[in-house]
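Chain nomenclature is as follows: A, B, C, D and E, assigned in order of appearance, with residue numbering initiated at 1 for each chain independently.
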Amino acid sequence: GEPTSAGSSGNDRANEQPDSPADIESLSGSVNLNTSGGVVDEIWEESWWARFMDETGVEIRTSSPADLSRLRAQVESGNVEWDVTEISTGGQYLEAVEQDLLTELDQERFREYFEQLGGDGDDLMPEAVATHGIGHAPFATILMFDEREFPEGEPQPSSVTDLWNVEEFPGPRCIHEQALYNLEIALAADGVDADDMYPLDVERAIGKLDELVPHIATFWSAGAESIQLVADGECVMSTVWNGRPFGAQNEDDIDYLGVAWEAGIMASSYWVIPRGAPNPESAYALLATYQLPEVGASTANQVGYGNTNTATDELIDEDARPFVATYGPNLEVLTVQDEQWWYEHGESAEERFSEWRLAQ
Amino acid sequence: MQRRPGTITSTSPPESDRRRSSGSGGETRDSGGAEIDLISLTKTYESGDVRALDDVSARLAPGEFVTFLGPSGAGKTSVLRLLAGLEFPDRGQVLLNGRDVTSVPPQRREMGVVFQDYALFPHMTVYQNCAFPLQVRRVPAATIRQTVDAVLNTVQLGDHGDRYPAQLSGGQKQRVAIARTLVYEPQVLLMDEPLGALDKNLREHMQLELRQLQQRLGVTCVYVTHDQDEAMALSDRIAVMRDGRIEQMGSPRDLYRNPRSQFVAGFFGKMNFIPGEVTGSDSDCVHVDTELGVVRASRESARLSQGSLTAGAPVTVAVRPEKVSVTASPPRGTAVNSLALTVEYIRYAGAFTYVDGVGRTRETGVVACKGPENSDITTGEPAAFHFPVENTFVFEREPADQRGAGKPE
Amino acid sequence: MTPPARRFRLPRGLGFLLPALILVGAITVVPVVRIVMISFGDGLANYQELFQSGVFWSTLRITVEISVASTVVCLLLGYPFVYLITSFRENVARRFLLIVVTTFWISLIVRVYAWMVILGRNGLVNDALVGLGLVDEPLDLLFNRVSVIIGMVHYLLPYMILALYGGMVGIDRGLTVAAQTLGASPLQAFRRVYLPQSLPAVFAGSMLVFILATGFFVVPSLLGGPGEMTLSVYMERQTFFLNWGSATSSAVLLSAVSIVLFVSMDRLVGLDKLFGAVRR
Amino acid sequence: MQRRPGTITSTSPPESDRRRSSGSGGETRDSGGAEIDLISLTKTYESGDVRALDDVSARLAPGEFVTFLGPSGAGKTSVLRLLAGLEFPDRGQVLLNGRDVTSVPPQRREMGVVFQDYALFPHMTVYQNCAFPLQVRRVPAATIRQTVDAVLNTVQLGDHGDRYPAQLSGGQKQRVAIARTLVYEPQVLLMDEPLGALDKNLREHMQLELRQLQQRLGVTCVYVTHDQDEAMALSDRIAVMRDGRIEQMGSPRDLYRNPRSQFVAGFFGKMNFIPGEVTGSDSDCVHVDTELGVVRASRESARLSQGSLTAGAPVTVAVRPEKVSVTASPPRGTAVNSLALTVEYIRYAGAFTYVDGVGRTRETGVVACKGPENSDITTGEPAAFHFPVENTFVFEREPADQRGAGKPE
Amino acid sequence: MTPPARRFRLPRGLGFLLPALILVGAITVVPVVRIVMISFGDGLANYQELFQSGVFWSTLRITVEISVASTVVCLLLGYPFVYLITSFRENVARRFLLIVVTTFWISLIVRVYAWMVILGRNGLVNDALVGLGLVDEPLDLLFNRVSVIIGMVHYLLPYMILALYGGMVGIDRGLTVAAQTLGASPLQAFRRVYLPQSLPAVFAGSMLVFILATGFFVVPSLLGGPGEMTLSVYMERQTFFLNWGSATSSAVLLSAVSIVLFVSMDRLVGLDKLFGAVRR
């Protein structure tokens, strides 16, 4: 549905591509970064932002949270204050592109800045630079289980599809409250190959989910909730975002959370430059800094989310590796979510999923 | 009304002459009071079906003390509310010193109101309640303290200043309401049964205070009371109300001596009522045939319209007990207004004696009031009850169930 | 003869309040008008879509059910509480109020987790029950309608209490006592004399809590079972995709339903007449 | 008290004998009333510093009509509140038919209370207010309608059933309060100035109704009024209160004739007070030296403690005006209680006449009350004021500022 | 002689309400106790950390500032509104109430969006201002403290209105009129007579709105400028890592601050004495 907004686009600054070549030395002033907020900010402050300021002398001003409607309001009202903002997964990026809220990325320019910063353009993953943004910390929805129930040495769940394996791994389960990820996981459990996954067969997925119903304790909605549910023994296994069990282990000494990557679903949110951003050059440089391996590794080592640079892998600590989605071996068994499909069918899929949920 | 010490307390019977005589004792009035005109005031309450006021007109002279008297629901409070600007009349006007104030808001009328239900501010102490009118007038704090203390002493609540209204007895609340209004000496005082909850002694004390204050300041007073004695003692004039109308207005003496209707006659003092029918009239007298015999009334004291003067018209004869004299000897047959009755009952009531006489059917009778002296009248014996034609009133008969109208006991 | 308030005309001297009235009107009505306009942006299309959506209707039903239940429970708990504390001395009463209100500031999420810990399979209650041998297996206390309502009530109760307090603290208990001298039991006196006088506060408090409840999604989604999806969750989804048309139309429909609910409650309980008499 | 029609309306002066004589006219009482014992009731209000009640004890016989009389703030309402169970005494007990009900809640005492401030339910109509006590007693609806209609007619509000209290006048509200209590015919009636806001006619009508109802049902009545006439007319006994204590309790006649203190004496009817000092006493009389001369009082009518009988003790002599006779001839020198005074003022007050006599200093005086007959007494001339020793009271002198105590006008 | 309520003892016959009191106590106090316990789980460590955290203090300050400002604005708008509508006939008053309340159900996000459109550089207000030639350049109305407060007030005003309504509808206007006959101007009569009687409602309403405001993060984060981070956002972040220790300790501190705020306001305004007198 299109909003019938009175506010029309009135600012064309973003479309004026600068003529001057990318030069990291020439940058000055400040740059406004909008993140979704959270503890990661604190890590970024040390690695990413500090590095950027060292290199450019540009001051970073941060804000949060990331919100599409606010982005749109800014662009449409001509009040753009963000130079870079995060944008969430599940079709919002494409929606923003569709609504013409973003600056189209000049790939070359990005690479120039990246290389001026000492990065190697060849290390960038294909996902790293899209038309209107760069992939932000990719994350995966994987399986987490309670090692107190399924201890090491005994059979342990090895795939997300083991959610359905109630004979071997009995006990209540929890899954995410949205269709997103759940449909893919259900299809995988029903034997659909990663390659044949899209377009999703929603009805088939729902059929598979039906089988799981008697074993679902509840749906989780917030990241921390999934951990809490397993920790409290409300369920023996749950889908989870990959950084969470790692965080739980680091911060809360919860060391009994096992994970299984097989058949997990990887997705990524985006860093984008709003159309009409006041400091687009600094924004490029900021994004380029983000993709440096040291920056990605420092977040990966602390919260389990890296960046989309293959060179980052080597810098990831041994004990963090099992939890990082972009770490090669993990990445291999993941299915990458088809954002286009979700953009086109997300709403009806969610509607169908809700309907199914409400029928319980 | 400066009083001698060491003297009488308590109630007095109707003293229609007292006002006149005591007037001389008061200090001279200055012309501080306002003239008030009520012009054809009519008021129907939103939710009510009855007219609370129906074409009420009156003029109050500056410094006059006028009491509104009447049965419950007659509209007395309504008059005060219109005067104070708390209600807006459906029709009619209120003039203050000739100026139309009908739509002037209450605070600009400088009228002090003592509300029937006190309307004390529950969140203020007695002292604060009384200081309020002075504070809003920006009187200096020291003056306020003095004035309030004085007025609280006047109402004998000097030591209750720190109490909240909820911590007072009924009479104490009422006195606070009075004090709060007296404290700022308004031009016009509107008081709605301000002494109703006080015992006789305190009430008389307060009556005196009110009257003194009123005369000293020369304020115009509009007063409502149910106490006829109070009305008579205080008022220059009394307006008797019934069903939203002023039935009669005049000096207490005037109302007592010359009531214009059965209703007014029954509303003051005691009155014998004897139903009858007009039989005829001559140049001096109206003749009425009653169960007790033919009674004559002077033309002046017969309050009959021309229509009611025709023979057969139902009327009521009225005479005050103290105008009736009783003799043991049977009346001479020809004597005017001398009725032969049987003494049914003699009541010795402290200072005086009532003699109840009844006619043959024992349905109707006359009460005479006499001094405490002994006489030869005996219960059960016949006696003659005499009364002068000029003190005998004849009224058009009112329906028996007329609310509040001298309802037979 | 305390003069009752005038009713019809703007009270004398209150003209200067008109700007406030207009401002309040503007601040509340203008966005609403805009929103209604947006919802009719495509003609009736948005509404047609909504009417056909099974999810809308079920979430609406669930929302109303949960909100009504929470409101009722809040009332049942809050009313006696306020009734009791307003019968104490005022400073005691307000101390009680402050204690209750303290709990407000405990962030919702934290509170919801506290409930999870208390009601969970290994939570306090189940531990106690199993420990006392009352049950063999831990009970499923969590993730059902009951736990949702417990969580909602926990969140909403203080609001109900505050709203009731403001109205009930001024009610004259003397009349209740008078009713007892007339032979009414304390319960009758309460029901016939006190209760009617407290209805404006009950009305305002219920409305307030009901509204808070309908807009509320954290608790149902965290404490609810698999099927407990509320309208606000549904609407959030819609705004996720910037689907203003359907977000606004469902908002408008929810308003309509709620108003119908309140007006009919109003009529049913005969508040109309009661209010009239209490107001003086 | 069945009355003859066509007769007297309005107020009557103190009639101490009326109760006794009218008792015969009533219907016979059944024994429906309760016996009430107040035992040493003491009450201090939380926020008050004064004792509202201080060791109040009394026994009320079944079916008795007892009036509490006293100045504002004396504790009358407090007695009723304790009786009704609205307050809990600090000390003391309330017995109902011998049973201790001190902590029995109001609704189980079957006492009907008419509150001084009415306590009408604002959210109920007049009809609903009156139906309330019946509804809570589960009386059938049809009976309720009949009963309520009847009682509303009794209080002359038959056509006001649909009004809300806020739409009534003050007196109408008060009548609703009465009706609401009468409607369920409680065992004990507690009435706190139930007729204070009514005009005389209506008030007398209501007095009659109350008395009839009380006698028909034989209920025990506890009544508070500020109206002495009303108290005398209605009560079997009267308790005079002052400052939280019962000063004297007895029949109206008793209190009128044998007041035990200056306070009580000044509270009923009129009374002459003359300050003086005891000079001595013999077996019959107490001798008091006053400014007007030596006055003697019989030993029975001297209310003095042994201590106050000593010479020089400050006392007050009291005598009722109607016991004083006046003659124009100067008194014989030796006559007892015959004072030579100057007639200052003669007030003709309708049915009787007051004669004010003053002594030489014009500071002190005596008022005599006589019938309307003419006599040869003239203003400004000397006259003899006589009064019998047995009607002359002597009281210990009370401080002049004693609240409510026969305060000089 | 309407009997005033007894104060000290449990009102006779109200013993049966004790369970409600206890239940309310349990429901409010038990989780709070748990939360306080958790916050002291590591001794004073959590608090030490908080006290040293600049972010905590600045978000706390921002939160209190925004909440106080929103509460005050709500009161300034809501009070005259309620004062006015309660002087109309009751059914008229309640119609006004319903209209205001309608706006409640417009989902918050939708409303915030509506404000964005209204206040934006090309929004209604700026269009009007520029169109009327009052300003040359569109003003920056959005994304600052003012737009946050506008959004908050829009959201909170109906709650304030409801809370005030319950308490103010029962106030006897007669006394205000009586004050006028004593010479008070309408304003004086209001200030000295009406206002004190309405303070319990004001107290309850302000508390309610203040509490709602502190717990509120959508509006500040959507309409606020870059620096407007509130404590609730901060606390939500803390729960990212199940960092209950610091989440609970900041909740406890916020409660403490708010209570200190209310108690001192209470003392300052002298509500204490007023309540005593109004309550009967």
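Going forward, contacts are C-beta pairs under 8 Å (C-beta built on N, C-alpha and C of every residue); 3 or more make two chains touch, one makes a residue touch a chain.
Chains and their UniProt names: B, D = Spermidine/putrescine import ATP-binding protein PotA.
Just so it is clear, the structure is predicted and the values come from calculations on it, not from any experiment.
Engineer: Can you list every chain that touches subunit D and also touches subunit E?
Structural biologist: Touching subunit D and subunit E alike, sorted by label: B, C.
Engineer: Of all chains present, which has the mean Cα position farthest from that of subunit D?
Structural biologist: Following the centroid criterion, the farthest chain would be A.
Engineer: Comparing centres built from CA atoms, which chain ends up most distant from subunit B?
Structural biologist: It is A whose centre lies farthest from that of subunit B.
Engineer: Compute the distance, rounded to whole Å, between the mean C-alpha positions of subunit A and subunit D.
Structural biologist: The mean C-alpha positions of subunit A and subunit D differ by 92 Å.
Engineer: Counting only Cα atoms for the centres, state how far subunit B is from subunit E in Å.
Structural biologist: 57
Engineer: Measuring from the mean C-alpha position of subunit A to the mean C-alpha position of subunit C, what distance in angstrom results?
Structural biologist: Roughly 37 Å separates the two chain centres.
Engineer: What's the distance between the Cα centroids of subunit C and subunit E, rounded to whole Å?
Structural biologist: Their C-alpha centroids are separated by 16 Å.
Engineer: For subunit B, write out the residues touching at least two other chains, lowest number first.
Structural biologist: As it turns out, subunit B has residues touching two or more other chains at 77, 86, 105, 115-117, 119, 164, 170, 192.
Engineer: Send over the residues of subunit C in touch with two or more other chains.
Structural biologist: Residues 1-4, 7-8, 12-13, 109, 113, 117, 174-175, 177-178, 185-186, 197, 239, 244, 278, 280 of subunit C touch two or more partner chains.
Engineer: Give the residues of subunit A touching no fewer than two other chains, as numbers and ranges.
Structural biologist: 5, 69, 222, 228
Engineer: Hey, which residues of subunit C end up touching subunit A in the complex?
Structural biologist: Counting only subunit C, the residues touching subunit A are 37-38, 41-42, 46, 53-55, 58-59, 62, 109, 113, 116-117, 120-123, 142-143, 221-222, 224-227, 229, 233-234, 237, 239-246.
Engineer: If you look only at subunit C, which of its residues touch subunit E in the complex?
Structural biologist: Checking each residue of subunit C against subunit E gives 2-8, 10-14, 17, 20-21, 23-24, 27-32, 34-35, 76-78, 80-81, 83-84, 86-91, 94, 97-111, 113-115, 117-118, 150, 153-154, 157-159, 161-167, 169-175, 177-178, 185-187, 197, 200-205, 207-208, 211-212, 214-215, 232, 235-236, 239, 244, 247-248, 250-252, 254-255, 258-259, 262-263, 266, 272, 275-276, 278-280.
Engineer: Using the touch definition up top, name the residues of subunit D that touch subunit C in the complex.
Structural biologist: Touching subunit C from subunit D are residues 84-86, 105-107, 109-113, 115, 119, 121-124, 132-133, 135-137, 164, 166, 170, 180-181, 184, 186.
Engineer: For a test of understanding, state which residues of subunit E touch subunit B in their complex under the given definition.
Structural biologist: Against subunit B, subunit E makes touches at 1, 4, 174-175, 177-186, 188-189, 192-193, 196-197, 274, 276-278, 280.
Engineer: Give every residue of subunit D touching subunit B within the complex, in rising order.
Structural biologist: For this pair, the touching residues of subunit D are 3-18, 21, 45, 47-48, 69-73, 76-77, 116-117, 156, 163-164, 167-172, 174-175, 192-193, 196-205, 208, 226-229, 256, 266-275, 320-322, 344, 347-352, 354, 356, 358, 362-365, 367, 369-373, 403-409.
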